[in-house]
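Two complexes are shown next, each including subunit A; its partner changes from subunit B in the first to subunit C in the second.
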Partner chain A sequence: MNPSTRNLSKQRRAAKALRSNSAYHATGIAICLFFLAPFVITFLASFRHGTEARLPPLPPWPSSGISIDSYLSLDTFGAGIWQHTINSLLVSLATVVLTVAVSLLAGYGFSRYRFPLKNVLFVLIIATLMIPFQSILTPLFIILAKLGLNNSLLGLTLVYVTLQLPFSVFMMRNAFDAVPKEIEEAARIDGARDLRLLVRVLLPLVLPGVATVAIFAFLNAWNEFLAALILLSSNDKYTLPVLMMAVRAGRLGAVNWGAVQAGVAVMTVPCLIVFLLLQRYYMRGLMAGAVK
Partner chain B sequence: MTGSGSKTLSPQRKRRRRSGWRGLVYIAPAMALVILFFVMPVIFTGWMSLHNWPLMGGTRWIGFKNYVRMFHDARFMSALQFTAYYTVIVTIAIFAVAFPLAIFVEKQRRFVSAYRTIIFLPVVVGLATASLLWVWLANVDSGFIGPALKALGWVDKSPNLLATFDSAFLTIIVMVVWKIAGFTMIILLTGLQAIPSELTEAARIDGAGRWQRFRHLTLPLMRKTIALALIISVTGSILAFDQFYIMTSGGPQNRMISVVYYIFNQSFVSFNLGYGAALSIALLAILVAISIVQLWLLRVGEERP
Partner chain C sequence: MSDTGVVLTDIRKSFGSLEVIHGIDLTIAEGSFVVFVGPSGCGKSTLLRMIAGLEEVTDGEIEIKGRNVTDLDPSDRGIAMVFQSYALYPHMSVRDNLAFGLKMAHTEPAEIEARVRAASAILKIDPLLERRPGQLSGGQRQRVAIGRAIVRKPDVFLFDEPLSNLDAELRVSMRIEIARLHRELGNTMIYVTHDQTEAMTLADVIVVLRDGRIEQTGSPREIYENPANMFVAGFIGSPRMNLLNAQWLGNGKVAIGQTEMTIPVSGGGLKPGDKVSFGIRPEHLVVADNTDEGLDARVDFFEYLGGTQYLYCQLADGQPITAEHRGAEPIAAGSTVRLTSETGKRRLFDHEGRRLT
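After this line comes the complex of A and B, so read on.
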C-alpha cells in the first residue's frame, strides 16, 4: 500500500466516522424531541393570553405577549391554587420527614441489633411490596375514619409513609450495613449512645441513602392520585392531582384548557427540579430497587 | 450502664438481651405503621368480602356469595379481559421502544448522558399529570396532535382521538410509552452494561454478526434483567387506573374499564363495599401469583448464569 492510498483510506474512514456520528446524534436529537416536546409545548402554551387558551398551540409560544391568564383562571377552581399547592407540599414534605425518620430508625435497628423474629419482621415489611395498595383502599378509608383521620392530610400522609416503607427500610438497612462497626465502637467509647450516636455520628455517614429515600418519598407523595381521590372528601383539602379533576371536568360542559396547561405546569416543575438536582441519588435508588 | 468492663459473663449476656429489646424499639414505629395501615387492611378486606356491606346501615354475613357473584359478573369479566389486553399490548410497546433506546444510550459517546436524562424525564412526573397533559394534546379542537396533523395537511379534519376505542387506546399506549419507556430503558441498560465486553469482542472476532450477537449472547445474558423489567411492566399495567379515569373516563361505550377502575366504581361509586372487597381479594391474588412467578423466574435465571 503506498502512502497516498493509505492516506485516502484514512480520510475515508474519518468521513465515515463523521457520518455515523452525525447520524447518531441526529437520531438522539429526534428522540429527545419526542420526550421533551409535551413538556415544552405545555409550558409555553400556559403563558398564552386567555383568549388564545382555547386555540390549538400552533405555534405553542405566546404570540400576542406573555400573560399569566391561565394561572389566574386555574386559581378560580377549588379553594384557589395556592391552597392546593400548599396541601400538596404539606403532604409531600411531611411524607419525606416521617419516611426518613421512621426508616432511619428501622434501618438502624435491623442492621445493628439482634432481636426475636428479626427476619420475619423484615420480610413482613418487604412483602407488603407484593400487595397492591389499590386493593386495600376501602379498609384504609374505614380505619382512618375510626381514628378520626378521614378527610385529613395527616391521614393521607401516614398512608403514603406506609407505602414508602418497604423500599425505604431496605435502603436504610443497606446504608447502615455499609458503615464499618468500628466507627460506632469508637463513638461509644467517646460516650455517644443511642439516639445521639445515631444522629450525630451515623446520620452523616448514611446521608446518601437518606437523600435517595427522601427523593422517592417526595415524588411518590406529590404525584399520587387514587388514594388522595378516595381519602380526601372536602374541597379545601384536595391535593393538586385531585383538584385537577375539577378542572378537567370543566364548567357548563366547557373545559378551560388554559387552566389545564397551567395545572400541568405547576405539578410538573417541582418533580423535574427535584430530579435534575438530585439525579445521582435517584438513580442509585432505582438501581438498588432493580437489583433487589 | 457502666458495664463496658467484662468482669463476668452474666452482665454481658444481660446486656445483649436488653439490646435485643432496644432493637425492637427502633423498628417499632415502622412496624406500627405497617400493621395499622397494611396488615390490618388486608385482613379487613378479606373479612369484608364475606359480607354484604353497604355504606350506611348494617352489614350482613353472606359467606362466599360475593365470590359467586364475581364469577357471574359479565362486567367484571370484561374488565379483566380489557386489563389483560392492555397489559399485553402496552408491555410489548414499552419493550419495543425501550430496548432500542437502551442499546442506543449504552455507547460511550458525547451527550449520551444528556440523552438518558431527557428520555427519563417523563418518568418522574405523575401518571395523573401525564394523563392530563396528553388529554389536552389529544383534544380535537384545542389540542396539539390533531390540529398539527391538519396543519401539515395529512388529514382534512382534526380527528377526535379520544372518541373511538381504537384511536383512544392508541393514544393511551403512546402516552404510557412516553411516560414509562425511560424507566424500562434504565433497567435494561444496567443489564446491558453487566455483559463483559470481552465476550462481545470474542464473538465479533469469531465472525458473529450484529443480530447473531444480540440473539445468542446479549439476550441470554440479560435474561434476569428482562424478567425483572417484564414483571415491573406487567404488575404496573394490571393496576392501571389514572390514565383511563382521566383520559377517557372509562372510554367510549365503557369499554376502557380496567380492574382497578371497576373496583373503584363498585366500592366508591355504587358503595357495594363488600363486593368491592371480594374483587380486591381477586386482584390481590392475581398480583401475589405474579410475584411468586417473578421469584421463580429470577431464580431460574440464577441457575443458568
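After this line comes the complex of A and C, so read on.
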C-alpha cells in the first residue's frame, strides 16, 4: 500500500469514527434533555419575581427579573423551612444508617450461616413486601403510641426502617451470595475474624449492594408522605413532604406557585446529591478480577 | 508427640449423615512435598480444608509440628493456602493483598515491608505491587496468591489445584516455579491436583485417595512401579495400565485367552484356574515379531505423537490393549502385531484387585 492510499483509508476511518461518535453523543444529549427538562423548569420557575410567582407556572422562566422571594416565602410556612429540612434529613439519614446496619448483618447471616428454618424465615421477610402499607397504619399508630413514640421523629424512623428492611435484606443477601466463599476463607486464614472480616474484606465487596440499599432507603424516607402525615401531629415535627402540603394549600384561597416550585427545588437537591455521590458504587461491578 | 510436619490421626468427616472421609491416618515428614491425587469427589479438597481449619473435623486429630491444632482457627495453625480461584482481595492493591495477613497479626510496618519485598522478589512481582488483581493476568494472579502465602512464613503450604485455571504452557512454567519454591523455602507442602504430571514431577510422596480412603502412599516411583492394587495401577500413568482378564495356571504362568505368559510371582494362595488380572503398562510393551511369548493383537487405530505412537489394539478374545511404539517404522491400522514385554514389568492382581507378588 503506498502512502497516499494509506492516508486516504486513515481519513475514511476517522470520518467513520466521527459519524458514529456524533450519533452516540446526539442520542445521549437527547436523553439528557428529557431527564433534565423538569429540573430546569422547576429551578427557573422558583426564581420568578414575587407577583409573577403567584400566577400559574406558564411560561416557567422569570420574565421580570430574578428574585429569591419564593425561597424566602417558604420560611413563612410551618416552623420555618430550616426546621423541616432538618427534620427530613434526620429521619432520612437515620433510616439509611439503621437500614444499612441491619440489612448488612442480616444479609450476611442469610447468605453464609446454616440455621434451622432459614428459608422459611427468609420467605417470610420477603412476603411482608406484599402487605399493603396502608392496611397496617392504624396498628402502627397504636403500637407507637403504646411505646410513647407517637409524634416523634424516632418513631417515624423506626417505621421507615421496618418498611425498608425486606427489600434491603434481600438485596444484601444477593450481594453476599455473589462474593466467592474462597475470598472469605482466604481472609480467615489471614486472621481476619468477625467484625474485622466483615468491615475490612467483605464490606468493600458488597459496596454496590450497600449503595443501592442506601439510595432506596434515603429516597423512600425523604419522599414518604402518608405515614409522616398520620404519625406526626405537631407542626414543628413535620417533614418536608408534609410541609409541602401546607405550601400547596396556600393561604386565603391563593396558591403561591413560586413557593411550591421553590419547595420542590429544595426537596430535589439532597436526592440529587445522594445519587451523584453513590452512583459510582451503584454502577460498579467491583468483583471483576477477583476470581476467574 | 512427634516433631514431624503434619500428622493426621483417624480423621473423619461427615456432611450431615453422609460420611465422605472414612478415617485417614497419615504422617507427613517435615519439609516434604506431598501430593493428594484421586478421582473427582474422593475428598481431596475436604481433607486439605480440614488441615487448613476451614472445615471442622467430625472425628480425629490433626497435629502440625507437634502441636495439636484440631480446634484452632485457620490463622493460628501455621498454614497458608493457595486456592484454585486465587481468591485475591479485589479491592486491594497487590501490596495490600500480600500485607493483609501481617496487618491482621499487628506485625511491625518495617517487618511487613521487608517480607513483602522479599516475597515479591522471589516471585518476580515487584513491578505489579501497586496494581489491583483485576489488572493482572491469570499467571500473575496466581503468583500473587502464592506470594500472599509466602509472607505469612507458614510451617505448611496448602495448595488446592492451584494451576488448573491456567493454560497448558503457563502451567508448566508455574509447576517448575513451585518446585523451585519448595527447594528454596524447604517448607512442608501439601498439594491437591488432578494432573498426573504435576503429581509425578512435584511430589516426594504421593497419596492416592479413593472414596475418602487412602489407597496407597509412596514415592512417585513406588506408586508407578509397585502399585498396591488395581485402582492405583489404573489411576497413575497415562495412558493407563492395561489390565487384562487372565487365569492363573500355577508355577508363574497365566493364560490370557489362549496365550500363556510367564510372570515372576509366587501366586500366594492362588489355585490353578483362579481368575486374576494381568497388568502391563503401554510403555513396557514392545512390538516384536520373532518371539515365543507374546500377545497377538490387531491394531484398531493409532495416534502419532512425533517421538512415539500409541497403538490401540484388540486381542483375539476382544480385550482392548494399548501399546506404545517407539520404533521408526510405521504400523498401519488393521495390521496384526505381536506384543511382548520384559517379565519384570508384568504385574498380577487377584480378583479383589490386590497386587500379588
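Methods note: the second predicted complex is superposed on the first by the 228 of 292 C-alpha atoms of A that agree within 3 Å, B and C clash if a C-alpha of one lies under 4 Å from a C-alpha of the other, contacts with A are read in each partner's own complex, and residues count from 1 in each chain.
To be clear about the criterion, a residue touches a chain if its C-beta (ideal position, glycine included) is under 8 Å from a C-beta of that chain, and two chains touch if they have at least 3 such contacts.
No experiment lies behind these values; they were computed from the predicted model shown.
Colleague: Looking at the overlay, does A:V169 come into contact with subunit B only (first), subunit C only (second), both, or neither?
Modeller: first
Colleague: Which partner, once the models are overlaid, touches more of subunit A's residues, subunit C or subunit B?
Modeller: B
Colleague: Between subunit B (first) and subunit C (second), which, if any, makes contact with A:R196: first, second, both or neither?
Modeller: In the superposition, A:R196 contacts subunit C only.
Colleague: Answer with first, second, both or neither: which of subunit B and subunit C does A:R114 touch in the superposed model?
Modeller: In the superposition, A:R114 contacts subunit B only.
Colleague: For A:E182, decide between first (touching subunit B), second (touching subunit C), both and neither.
Modeller: A:E182 contacts subunit C only, not subunit B.
Colleague: Can A:M267 be said to touch subunit B (first), subunit C (second), both, or neither?
Modeller: In the superposition, A:M267 contacts subunit B only.
Colleague: Check whether A:L205 is in contact with subunit B, with subunit C, with both or with neither, and answer first, second, both or neither.
Modeller: Once the two structures are laid over each other on A, A:L205 reaches subunit C alone.
Colleague: Which residues of subunit A are in contact with subunit B in one complex and with subunit C in the other?
Modeller: On subunit A, the overlap between the subunit B and subunit C contacts is residues 189, 286-287, 290-291.
Colleague: Under the definition above, what is the set of subunit A residues touching subunit B in their complex?
Modeller: Those in contact with subunit B are residues 21, 24-25, 27-28, 31-32, 34-36, 38-39, 41-42, 53-58, 60, 101-103, 105-106, 108-110, 112-116, 118, 121, 124-125, 128, 130-132, 134-140, 142-143, 158-159, 161-162, 165, 169, 189, 194, 219, 222-226, 230, 241, 244-245, 248, 255, 257, 260-261, 263-264, 267-268, 271-272, 274-276, 279, 282-283, 286-287, 290-291.
Colleague: Quick one: in the complex, what on subunit B touches subunit A?
Modeller: 4, 16, 19-27, 29-31, 33-34, 36-42, 44-45, 48, 101, 104, 107, 109, 111-112, 114-115, 117-122, 124-129, 132-137, 139, 141-144, 146-148, 151, 158, 178, 182-183, 186-187, 190, 225, 228, 235, 239, 241-242, 246, 260, 263-264, 267-268, 273, 276-277, 280-281, 283-284, 287-288, 291
Colleague: Contact residues on subunit A for subunit C in the complex?
Modeller: The contact residues of subunit A facing subunit C are 180, 182-183, 185-193, 196, 200-201, 204-205, 286-292.
Colleague: Residue numbers of subunit C touching subunit A in their complex, please.
Modeller: 52-54, 73-75, 79-81, 83, 85-91, 100-101, 104-105, 132-136, 138, 141, 148, 152, 165
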